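Both of the next two complexes hold subunit A, though its partner changes from subunit B to subunit C.
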Partner chain A sequence: MLFSLAVRNIVKSKGRSITTLLLSTFTTLFFIVYVAFMDGSHHQIIKSSVEAYTGYAHVNLKGYRDESGYDNLIENAERIEQILKNDRSVKAYSPRFETYALLSGDEKAVGSMIVGIIPSREASLSKLPHSLIKGEYLNDNDPNLIYIGSELAKRLKVDVGSQIAMVGSSIDYSIAADLFTVKGIFKTGLFDFDSQSAFVNKTYLDTVMLSQNMASYFTLCFHDNDKIDKVTTELQASLPEEVEAVNWKTLLTALVQAMLVDSLFGYISISIFFVVIFFVIMIFSYVNIYTRAREIGLLRALGLTSKDIFGMLFVEILILATVSIVVGTIIGASIAYYYELYPIVISGMAETYKEYGIVSDEMPMHFDLFTIAWNALTIFILNLAAIIYPVTKINKLTAMEAMRYV
Partner chain B sequence: MYRHLAWLSIWRRKTRSMLVIMMIALSLSGLLGLQGLYDGMVSHLINTTIRSDSGEISLYAKEYRLNKSLDYRLSPLSTVENTLSKHQEISAYTMRLKQEGIVATARKSLGASLTGISLEKEQHFGQLDAFVTEGDYSFGKGNKGALIGSALAKKLNVTLHSRVIFTAQDATGEINAISFRISGMLKTGNPSIDDNAVFVSMEKMSAFLNLQESATQIAVRVKDTQNIEKIQNELQALWPDTDVLRWDELYPILIQMQELMDIFSLAFYAIVFVVATLGIFGVMLVSVLERMREFGIMLAIGTPYKMVRNQILLEAFFLGFIGYVGGAFLGGVLLFYMSTAGVDLRAFEAGLEMYGYSAMMYANMHLYYFFQAFFAVFFATLLSVIWPLRKLKKMKPIQTIQGKML
Partner chain C sequence: MKYFLSLLLLTFTLHPNEAQDIIKKIEKNLRGEYMYSTMSMIVTSKHGKRTVKIESWSEGNEKSFIKILYPNKDRGITFLKIDNQMWQYIPKIERTMKIPPSMMLQSWMGSDFTNDDMVKESSLEEDYHAKLLTKSGNTATLELIPKEDAAVVWGKIIIDVDLKNAVPIRETFYDDLMQKVRIMTFSKVEQHGSHMVPMVMELIPLDENKKHNRTKIISEKVNYDAKIDPSYFTKQALKRYSR
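Take a look at the complex of A and B:
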C-alpha cells in the first residue's frame, strides 16, 4: 500500500517530481562525465610519460634511484637478463646505459643525456622508434651513429648527417670522447625529453664508455600492466638481494602526485556543487511534504504510524532517485565510453602545454565501471540524505497538529 | 510598510527560509574560498617567476631567445646601467650572464645552466636571498663559491661545500671547465632555476667565458605595475636593436593559466548559481502560492499591485541578502585563514613542485570577489521571483478569495 501511495504522490506533485528527477539526472550525468574527463586526462598524461621512454617498470641496483651515477651500475647484466628471460610475467625487457655528456655541433655545445640502448628491443618498450620524424631509427649493428631529440637538434643546430662531438666520462672516470653522425631525429612531444636526450646503439657506446656487460637499469613491461603492483612484487622475489624492481608509480612519483593533487582540487570544486544540489533537493522535498501536511495528518489519524509515513516518503524519494540515477548513469556512462574511444580534440593544446608534459591534443575520457558505480552511489546517497530532515520534522507533529497545519 | 511585511513574511516559515539562507551561505563561502585559492596559486607562480627571473620587463639581444648563443649578448653595459639606475619609475634591475653546459661531480654529470649574477642586485631585485634553503646567500670566500638549485643539487647528490665542475663553451667557442664549491642552495619554485641553475659571481663568469661587460639578460622591476607598457615602450625606443619584453610576453602560459582559472571560476559560479536559483525559486513559488488568498484580499481592498510585487521582491532579496552576508562572512574567514596560515599540501610536495607550485599555498583575497558574489546572489534572487510574480499578476482577486481558483 505504501508503494502505491508513494507512486500516487509522485504523479500528483508533478513540480517536485520533475525538478528532483531532472536535478538528480543532471547531477549524476555531470558528475560521471566530470570524473571520467578528469581521470581520462590524468591517465593520458601518465601513460604518455610511461610509454614515451620511462617504461612500466625498472630493475636496478638498490641505491641507484638516489644516486644514479656510475657507482650503482648493474655490473653483471647477463645475470639479470637471464632472470628476466625466465620470468613469465615479463613481456619485454631491455638494458639501458644512461650517462650525461657534453655534445657539440659545429658551433654550439650542450649538456645532454646519452643513452646506450638495444635498438630492436626498444620497439616494444618505448615510443622511441615510433617518434622518428626525420632520418632513420637505429639498428643493433650501428657504429657511431646517434639518434637525437628534435629540440636538442635545434639547440645544437644539427640535422641528419651532421656530426656531433661528445665529451663525457667513462665508467673508470677517464675522459671518453667520440664523434657521432646524426642518423635520425625524434619527437615524443615531452619537451624536456626532446631537448635533452640522445641515443646510441649500446654495443657501440659500451666500447666508448668501457661499460660492457653493464647497465644503469633494465626497463621492462609486463603482460598485465594493470596489476603492476602485484607483478612487481612477484618479480622482486626472483631478483638477487642487491637489485630492486620498481614500477612507474615510484619512478614517476612527482607526476603521480601532481595528478593526485589535481584530482583533489577537482573533487573539492565539485563538492560545492553537491552542497547546492543537496539543499535544492531538500528544499523541494520539504516544501512538498509540508504542502501535504494536512493529508499526512489525516493518514496518521486513520491509524498509520510515523514509521509508515517515513516509509511512504522514503519510498517516494527512492523511486525518484533510482529512476533519475539510472537514467543519468546510462547517459553519463555512454558519454564517457564514447569519448574514451573517440577523444575530444582541442587543437593546439599540446603545443601550448608542452612544458607540462601534455603531448597530445586528444583529451580522452576514462570509462571505468567501478568509478561510475561510486559516482552514481554518491548522488543516490545525497538524494536520500536530503529527505531525512524534512521527514523527521513532519513526523514530530501529532496527527491533530498536522491536520491543522496551515 | 511593505518592507516590514516582507521581513515578517520570510520568518513565517523559518525552516524553509533558513534552508535557502544556508544553501546560499554555504555554497557562496565555498566558491569564495576556491576562487581565492586558485587565484593565489597562479599569482604565486607569476610572482616567483617575476622575482626569480623575468622581472616585469626583460631585455635580451635580438635572436638570443631563439638561439641561446653568446654571440647574441648585450654589451657594453655601462650606458644601459646608467639609464636604468636613473629612471624614476624603475625600482631595480639586474644583469645576468648565462651559458648552458654540463655540471659534474666526481661521480655524476647533468645538463645545467651557469649564470653570473650580482648577489646585491638580485637581492634588491627580487629578494633572491629569501629563497636560500641551506647555506648562505653568498659566494663564499673570495667569491669562489656558487649557489645551486635545490632540485639540481638533489639530482647531483651534492651537499654544502661539495665541489662541482661546470663545463661549457666560452665566447670564442673553446670548451672550458671551471670548478667551485657549493655555498648555498636555492628553492624558488621556478622549475627552470630549481632543476637547472647554478649561480656564480658575475666577475667569475665573465672571466670563464672570456667576456667583459656583457650580459645575456637584463631584467627590470617596475615601481608601479600600471606603467609596465609605458616603460617597455620607452626602453624599446631607447634601444631599438634589443628585445624588450614584458613578463607576460616571455611566459604567455602564465597568463593563459590565469585566464583558464578565471573561466573555470566563472563557469563554476554560473553552474552553482543556476542550481541555487532553482532552490530559491521553489521556496518563493510555494510562498506566493500559499498566500494567494492573502494577496487577493490585499489587492481587493485597494493595495496597488506594485506594492505587493515589491513586497515579494523584497522577500526574495532579504533571503538572498542574509545568505550573502552569511556566505561572505564564512568565505571571508576561510579566505583570511588560507591567506595567512596557508594550506599545507606538503604531502604532495614533489607533484606540486613539478609544476612550480609551492607546497604551502596561500589564497588571494580581493574585494572584487565579494562584489562578484553579491551580483551573483542578486541576480539569482531576481530571476527566481519572475515566475511567481507572473502567477500573481494573472490572479483574479475575487475568485481567489472565494477559493474558486488556486
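Take a look at the complex of A and C:
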C-alpha cells in the first residue's frame, strides 16, 4: 500500500518529481564527470612525467636507489639485457649509464648529470627525442656529440655546434675528460631536468668512462602498463637476487604523493558543493513535505502511523533517487568513457605550455567503474539523508495540527 | 662565597686553556710557512685498490698546488687552491676549470676526501672550542666543539693526541646529529727539520654503504725548509707546471 501511495504521489505531483529528478540526476552526472576529469588529468600528469624521461620501470642493483654511485652499477649489463629480451611482458628497454661530471663552456663550469643512452632505443621509452628544440637528436653511431637541456645550455652559454669540456670520474676513479660538440638542445619543461642533464651516445661515453657492459639501470615499459604492480612483481621473479625491478610508483614517489594531495583538495572542494546540494535537496524536500501537511494529517487521521508516513515519503525519495542516479550514472559514465577514448584536445596547449612540462594537447577523463560506483552511491545516500530531517519534523505534528497547518 | 666563585672560575679557565694550548701546539707543529711533499694515496673500495702519486706545494693554509704523477692516465693533472676556491687543469683537453660550489662535496680523485676537504681552511684552533677529556702520560683526549660562527661541517671532533710529538693519533668526526661519520688515524711519526710529521694518515668512512672504503696517504718526501716560488700559486701555474 505504501509503495502504491508513493507512486501515486510521484505521478500526481509531476512538477515536484521532475525537479527532484533533475536535481539529483545533474548532481550525479556532475560528480562522476568531475572525478573522472580530475583523475584523468592526474593520470595525464603522471604519464607525462613518466614518459618525459624516467620510464615506467627501472631494473637496477639493490641499493642503487640509496647510493647511486659507481659501487652500485650493473656490471654485467648483457645478462640483464638477455633477461629483459626474453620477458614477454616487457615491450621496450634500454640501458642507461648516469654519472655526474663538470661541464664547461668557454667561461663557466657547471656540475651536471651526464647520461649515456642508446639513442634509437630511447625513442620508444621517453620523450627525449621529441623534446628537441634546436639542432638534432643523437644517433647510435655518434662520437663525442652531446644533447643538452635548454637551461643547461643557457648556464654554460653554449649553442648547437659549441664545444663543451667534460671532466668527471671514470669507473676506476681516474679522471675522465673529453671535449664534446653540442648536437642538439632539448626542453622538456621540467626545469631541474633541463638545467642539469646532458646525453651522449652510450657506446662513446663508455669508452671515456671505461663503463663497457655496465649500466646504472635499465629503463623499460611493459605491454600492459596499467597493471604495473603485477608485471613488475612478475619481472622481479626472473631477475637475479641482487637486482630489483621498481616501477614509477616508487621512482616518482614525490609526484604520486603530490597527486594524492591534489585529489584530496579536489574532494574537499567538491564536498563543499555536496553540502550545498544536500541543503538544497533538504530545503526542497522540507518545502515539499510541508506543502503536503494537510494531506499527511489526513492520512494520519485515517489511521496511518508516523512510521507509515515516514515509510511512504522514504519510498517516494527512494524511487526518485534510484531513477535519477541510474540516469545520471549512465550519462556520466558514458561521458567519462567517451572522453577517455577520445580525450578533449586543446590544440596548441602542449606548445604553449611546453615550459610547464605539459607535453600533450589531450585532456582525457579516467573511466573507472569502481570510482563511478562510489560516486553514485554517495549521491544516493545524500538524497536519502536529506529527507530525514523534514520527515521527522512533520511526524512530530499530530493529525489535527498537520491538517490545520498552513 | 667569593672563594667558591674564584674556584669555579679557575676550573673553567684552566682546563680550556690547557686544551687550547695542546691544539695550538699541534697546529704549529703540522703547519709550516712553506711545505713541499710527495705522497702516495691508496684508495681502497669495493672495486679494489688504486694508487695515486701526488706532488704538493703549499704556503700556509691558504695556498696549495697539487700535481698528479701517477697513474699515467692522470699524469699532469694539476689542482690549485687559493683560499676556499679550487681550479683544476686537465692536459688531455687543455682546459682549466674552476670547481663550482655544487661539486665541492664530490669525491676528490675517487678518494674518501671531498673537494671541500681539500680546500677548507678550517683551523682547529680558531674554529673550535677545545676541552680536555682525559690526560695520561704522553697522551691526551680532547673534545672539539665548533664555535657558533665557524663555517665547519662537523658537530664534534674527538682527538687523541701524542703530547710528546705534538701530533694527533686519531681523530673521530661526528656530524651535527652527533653520529660518528669518519675516523682518521695518524702514524709513523718522523722528524723533518723542526717539525714532527705523521707520515701515514688513514681515513675510514663509517657510512654503511662505504664499509669497504679506506683512503691511506703515505708521505714520502717532506720539506718544510725551502721557500716555494709564488708562481706556483697562480692560475698560469696549472698549465705551466703540468708537464
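FYI, the second predicted complex is superposed on the first by the 290 of 406 C-alpha atoms of A that agree within 3 Å, B and C clash if a C-alpha of one lies under 4 Å from a C-alpha of the other, contacts with A are read in each partner's own complex, and residues count from 1 in each chain.
In the analysis below, contacts are C-beta pairs under 8 Å (C-beta built on N, C-alpha and C of every residue); 3 or more make two chains touch, one makes a residue touch a chain.
Model, not experiment: these values are computed from the prediction.
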Side-by-side fit of subunit B and subunit C on subunit A, or clash: clash
Touched partner set for A:250, first subunit B, second subunit C, both or neither: neither
Partner touching more residues of subunit A, whether subunit B or subunit C: B
First (subunit B), second (subunit C), both or neither touched by A:169: both
Touching partner for A:71 - first (subunit B), second (subunit C), both, neither: both
Which of subunit B and subunit C A:179 touches, first, second, both or neither: second
Which superposed partner A:63 touches (first subunit B, second subunit C, both, neither): second
First, second, both or neither for A:283, with subunit B first and subunit C second: first
First (subunit B), second (subunit C), both or neither touched by A:306: neither
Partner chain(s) touched by A:109 [first = subunit B, second = subunit C, both, neither]: both
Which superposed partner A:203 touches (first subunit B, second subunit C, both, neither): neither
Common interface residues of subunit A - those touching subunit B in one complex and subunit C in the other: 66-67, 70-71, 100, 102, 104, 108-111, 167, 169, 173
Complex interface listing, subunit A residues touching subunit B: 15, 19, 23, 66-71, 99-102, 104, 107-113, 155, 157, 167-169, 173, 196, 253-261, 264-265, 268-269, 271-273, 275-277, 279-280, 282-284, 286-287, 290-291, 352-353, 355-356, 393
Subunit A-facing residues of subunit C, complex: 43, 45-47, 50, 68, 71, 73-74, 77, 88, 90, 92-93, 95, 97-100, 102-103, 106-107, 109-111, 209-210
Subunit A-touching residues of subunit B, taken from the complex the two chains share: 15-16, 19-20, 22-23, 26-27, 30-31, 34, 38, 67-69, 100-112, 157, 167-169, 173, 175, 253, 256, 268, 271-272, 275-276, 278-279, 282-283, 285-286, 290, 345, 348-355
Complex contact set, residues of subunit A against subunit C: 63, 66-67, 70-71, 100, 102, 104, 108-111, 165, 167, 169, 171-175, 177-179
